[in-house]
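Just passing along the structure, written as structure tokens.
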Amino acid sequence: MLRFLTAGESHGQGLVVILEGMPAGIEVNEEELSKELSRRRKGYGRGARANIEKDDFSIVSGVLNGKTTGAPICVLIPNKDYENWKGKYVPIYAPRPGHADFPGMIKYGFEDCRPIAERASARETAARVACGYFAKKLLQKEGIKIFSWVVSIGEIEANLPPIEERMSKVDVVEKLFQLAELSEVRCPNLEDSERMKKLIDQAKEKGDTLGGIFEVAVVGVPVGLGSHVHWDRRLDARLAASIMSIPGVKGVEIGLGFQLAKLFGSEAHDPIQKPKRPTNKAGGIEGGISNGEIIFIRAAMKPIPTLANPLPSIDVRNDQPCPAHVERSDVCAVGSAAVVAEAMVALVLADALLEVKGGDRW
Amino acid sequence: MLRFLTAGESHGQGLVVILEGMPAGIEVNEEELSKELSRRRKGYGRGARANIEKDDFSIVSGVLNGKTTGAPICVLIPNKDYENWKGKYVPIYAPRPGHADFPGMIKYGFEDCRPIAERASARETAARVACGYFAKKLLQKEGIKIFSWVVSIGEIEANLPPIEERMSKVDVVEKLFQLAELSEVRCPNLEDSERMKKLIDQAKEKGDTLGGIFEVAVVGVPVGLGSHVHWDRRLDARLAASIMSIPGVKGVEIGLGFQLAKLFGSEAHDPIQKPKRPTNKAGGIEGGISNGEIIFIRAAMKPIPTLANPLPSIDVRNDQPCPAHVERSDVCAVGSAAVVAEAMVALVLADALLEVKGGDRW
Amino acid sequence: MLRFLTAGESHGQGLVVILEGMPAGIEVNEEELSKELSRRRKGYGRGARANIEKDDFSIVSGVLNGKTTGAPICVLIPNKDYENWKGKYVPIYAPRPGHADFPGMIKYGFEDCRPIAERASARETAARVACGYFAKKLLQKEGIKIFSWVVSIGEIEANLPPIEERMSKVDVVEKLFQLAELSEVRCPNLEDSERMKKLIDQAKEKGDTLGGIFEVAVVGVPVGLGSHVHWDRRLDARLAASIMSIPGVKGVEIGLGFQLAKLFGSEAHDPIQKPKRPTNKAGGIEGGISNGEIIFIRAAMKPIPTLANPLPSIDVRNDQPCPAHVERSDVCAVGSAAVVAEAMVALVLADALLEVKGGDRW
Amino acid sequence: MLRFLTAGESHGQGLVVILEGMPAGIEVNEEELSKELSRRRKGYGRGARANIEKDDFSIVSGVLNGKTTGAPICVLIPNKDYENWKGKYVPIYAPRPGHADFPGMIKYGFEDCRPIAERASARETAARVACGYFAKKLLQKEGIKIFSWVVSIGEIEANLPPIEERMSKVDVVEKLFQLAELSEVRCPNLEDSERMKKLIDQAKEKGDTLGGIFEVAVVGVPVGLGSHVHWDRRLDARLAASIMSIPGVKGVEIGLGFQLAKLFGSEAHDPIQKPKRPTNKAGGIEGGISNGEIIFIRAAMKPIPTLANPLPSIDVRNDQPCPAHVERSDVCAVGSAAVVAEAMVALVLADALLEVKGGDRW
């Protein structure tokens, strides 16, 4: 069983993750991990912070001579900005709507939202990406690969191959991924990427923010991950939790998702044929179990809740109306969320794979 | 911490659930539990089975003199049909597309799909509803109530108050629920209910099946359930898993869900105002924490995968094409799924509430 | 991962256990399970209850045609005595020292101890034994066998081969087990068994009770169960919890246990030699990992806290001194506890084995 | 629910612990934490390493302005020695009997034992002590205090007040603790401490090692921590696991432990009286629940398995006999283990307390 805990605050000393349960013998290297971290960081619409972040990390434990040892893996990502913040305390009295600020402050009994905002920062997801890197490497040994791309930013939907192809054809998936890697907004249609960037520019100008929709596709998954036998062992349930846990995500679909609700049964399912099923509307999961097809997940991310042109809020000291707190933030981070989703999916699948295959060394 | 395990097969001796972690002192009664079970069972489009199911249950443990004792609660729901099935074995050689049949058989190494089909049956959800009843009673003590209704069956979308009202107004929620309780398809628009029933009739006639979309609304939730501090403590993540674990569910949204991805930040968030926030687009959860508004969840259920007019499949003995197995089944069970969703949501919220309030006796 | 929950009260409808996580394909049969239950039940010093218990059970789910299916296994053990107790309520106002009565009543907020006593009954361990049976069958497939015997009852210590042999020689272990199976007190020395029975007679006459010490030995364990990498994955930690969780157990040792604390390092460890290590003072576990030798556990059980000649207590209604409640009970149940320990050890080892080997079907 | 993961190797960059689930508002300070770490480190019989360790740590997250925030707490303890080890690799081909070396190497598939030895090092327990500090602070807010001392080293048993007093009298407990804090071997009898030190000197001279017995007493525990309702919620089971997980511990007792097995029921239990029970043979736990008396635990630690005068082992490259690997190590660390035990007990009790009281802020 894989377990991991992350720690760290936005302006604290750094982020830390401990991943427990990895078998020994998985080859890993720092360049790859660095690249993963930078894939999350980059992106049009990300703030100046994204560049400050571009920093060191260290694999503190669990890796020896380029291979996992079976011991807990710890990655430490120091915060380069820390020295500027050390000892400073900038309270947040006007909680940002859509953020953990308001409910968090009440829950934990603080008089301002700063302690909440520090931990609720999306920067925490860097720790998840670091953690997910190790899971990806384990999956790779079994030929399982994870891809993601952005299909829409705000109202702009990318012109892409139809969803039926995106979820069923390995070559389409690989092509979309390659293109997405080239795009500053992680959108595989590079023309639409430009339109999206313009929309982001406009939003920025207005002090506004944007969300969007991304997709994750997993290729090479064997039949049999997850199980129908108990609700909490269903692969779709675990994936849904892992995706919905990404800050800003408000919707998750497996396969055709909500579209399936409108179809008749005769239209909604994927005939079983040899050597290959003709469709993959189920998104690779039937009865909570991977069925050997591409696992296909869609997720909706709401716009970032920190607006330069702030939303109405209240001053928590007197309940009087005031504009919400403004803090340096991104305008759009859908592409980053997609990379985080890859990591979360990798962790869920690696855990499911270990359950099936067991193993102390791989 | 609440834990529960369910057991039982479709044509076995019965279903069993054990719920561990309930505090002592919660008043419960068998009539209410019976009613909950019947709410799941009934529904236009449910097969003859739904009537056979109408049966006894017993609370085997954990309740004394009408109150929980703190000990594990066990509910046993015997299968009235069992005597007819005892000792019989009807193999399934043609897995049903969309069902656990195919991946399950491979995963667990069976030569036919019967052992999978028996456990993957939606009948298992009766055990969850029994379990959820106790969670609902705990929540009731804190004034938390859970409601559900169906908004679409196949292509037919009910004409209802706008979603913005459904997710933000307690009186609307209560009214919709009352109407849904009167509808054979759990749809609060009784005219549309009739249209839905006709569509179900048509599907049945063609040997086809239907899915749909349902909504769950939770009223009276205090601020502070769930937490932003760790991904797996986020209330939205936990709810997403619990809903996605319901057989047939392929999509989950919190609040406006996918719609939020299209909006600008200035349109997507709910201003903080006293005494009441004007909107609830976030669906009652910000930063993974309940914010005191109505918790609002939408879910898409695909059509039932057992078709009387079966889909193409293969005979697993020789990989030759053949029609999928046909077994007595429902045509549409969206209303039932909504009731199961209430139970799952109740279990998640009760667990989160116990985390916050603790307590051996309530 | 194996999970199980038990439910049921002493005078309720029955006991239930659900075991989740068993792979498919393990052969099981009802006679063997029946025999396991009777091994726990029998024993000199067990009350009349032990005979009343001699009853039916049913495997409600998870088994088909004599093999596990991978689905949750539920065993129901109805309480034959239930009809006599139904509707009756005999309050317990004078908590029994040494029992959960007193702290349980306060914790759960009851006005008498009956609701506590019902669940705190050692009868619950029958559900564990039923559960452990399945774990034993899984272990058997890997050639792992679990044995237990009693080494002392009260002051009477059985004359047995030295502990160094009991923990290191398979033939000694097997012989002790065979003899223990013949003994009414589970003691492998049949002469000492008679002395123990006389002591039990004396205790019974005085309205007193007895405890004792038992040992569990596991043969055929592969190297590598458990792990040193995290405290809660250590096999010794997991075994200690499982043994200490048996009602009445107040001490647990692995290998030579407390004796090891007195030795020098040069005397305390087991030299590593091929083909076989000369000693097994560590009891088969080094660094929290099984090392291929016999796993050897000792446990101390205190005397049963329900005395016919009751201990001083108070009436919880007025805090006045009074004798503790008397309820039909056993005089000595060390042999039964040893059988329960076998089950708990089996569950821990099966879980550890699944972690290493994985697997949906065995 | 408290969760924690530790990471780090003996000669790696450092140790890390993440503790998740702490409520907000617990006052903590670095001096106290430093003192806790030094309490574990010091001790007669500890090697030179203990001084090298005397080092920095940082609270990376979860604490703001001297109070916990509810966010995961991370403590990083850098390894001062790291620069000397960086890049070096000293293989261990002769596994040390009694150590994880041998089973670990096989389990994880290494060709030498170095990767195992690095993680199996007792240095890992520093991370647990850091973690336990926060649990202690939470317990302190409820008036719960944890004490420990050493009662024997090798054959030398300290002359102390009788165990019945050590486990039942708060003033005795406090006095023993104060004295133990003054002793280099953590033994409250300072004369016997000198004898123990001499024994350690002798052992050292011979290249040998020593173990011993320590006790942990917890004062101020309310009635109701843990529960009888399920085996894995019993406080004694959880404590047993936590203690047995400490490297070298081979035996655990609650209350009178093994002594209880020899007594009649009339002698073994603690009469219930107001205002105070006359004895505490049960060690503060009845039926798996704290009963308001002192929680009293005894544990046996075997001698350290790394001997300067090494035990017989084999060379894993050719299975030929050879002396076991020798590495700088301690001669005796029973006092340190006692401090680690305090931490583990604190974590178990804090978790149990949170279960009962709940709470986001304390």
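A, B, C and D label the chains in the order they appear, each numbered from 1.
The definition used in the following text is that a contact is a pair of C-beta atoms (placed from the backbone, for glycine too) under 8 Å apart; a residue touches a chain by one contact, two chains touch by 3 or more.
The chain lineup, named per UniProt: A, B, C, D = Chorismate synthase.
Worth saying up front: this structure is predicted, and the values here are computed from it rather than measured.
Peer 1: Which listed pair, C-D, A-C or B-C, reproduces B-D with over half its contact pairs identical?
Peer 2: A-C
Peer 1: Out of A-D and A-B, which chain pair has the most contact pairs?
Peer 2: More contacting C-beta pairs are found at A-B.
Peer 1: If you average the Cα atoms of chain A (Chorismate synthase) and of chain B (Chorismate synthase) to get two centres, how far apart are those centres in Å?
Peer 2: 27
Peer 1: So what's the Cα centroid distance for chain A (Chorismate synthase) and chain D (Chorismate synthase), whole Å?
Peer 2: Roughly 38 Å separates the two chain centres.
Peer 1: For chain D (Chorismate synthase), jot down the residues that touch at least 2 other chains.
Peer 2: 5-6, 20, 70-72, 107, 119, 224, 227, 229-230, 356, 360
Peer 1: Name the graph shape formed by the protein chains and their touching pairs; answer line, ring, star, complete or other.
Peer 2: complete
Peer 1: Using the touch rule from the top, collect the residues of chain D (Chorismate synthase) that touch chain A (Chorismate synthase) in their complex.
Peer 2: 3-9, 12-14, 16, 18, 20, 23-25, 58, 60-62, 64-65, 69-74, 76, 89, 107-110, 114-115, 118-119, 360-361
Peer 1: Could you please specify the touching residues of chain D (Chorismate synthase) with respect to chain C (Chorismate synthase) in the complex?
Peer 2: So the residues of chain D (Chorismate synthase) in touch with chain C (Chorismate synthase) come to 5-6, 95-104, 106-107, 116, 119-120, 128, 152, 154-155, 203, 206, 208-213, 223-224, 227-232, 234, 236-247, 249-266, 268-274, 277, 282-283, 286-292, 300-305, 307, 309, 311-314, 319, 321, 324, 344, 356.
Peer 1: Which residues of chain B (Chorismate synthase) touch chain D (Chorismate synthase) in the complex?
Peer 2: So the residues of chain B (Chorismate synthase) touching chain D (Chorismate synthase) come out as 1, 20, 70-72, 224, 227, 229-230, 354-360.
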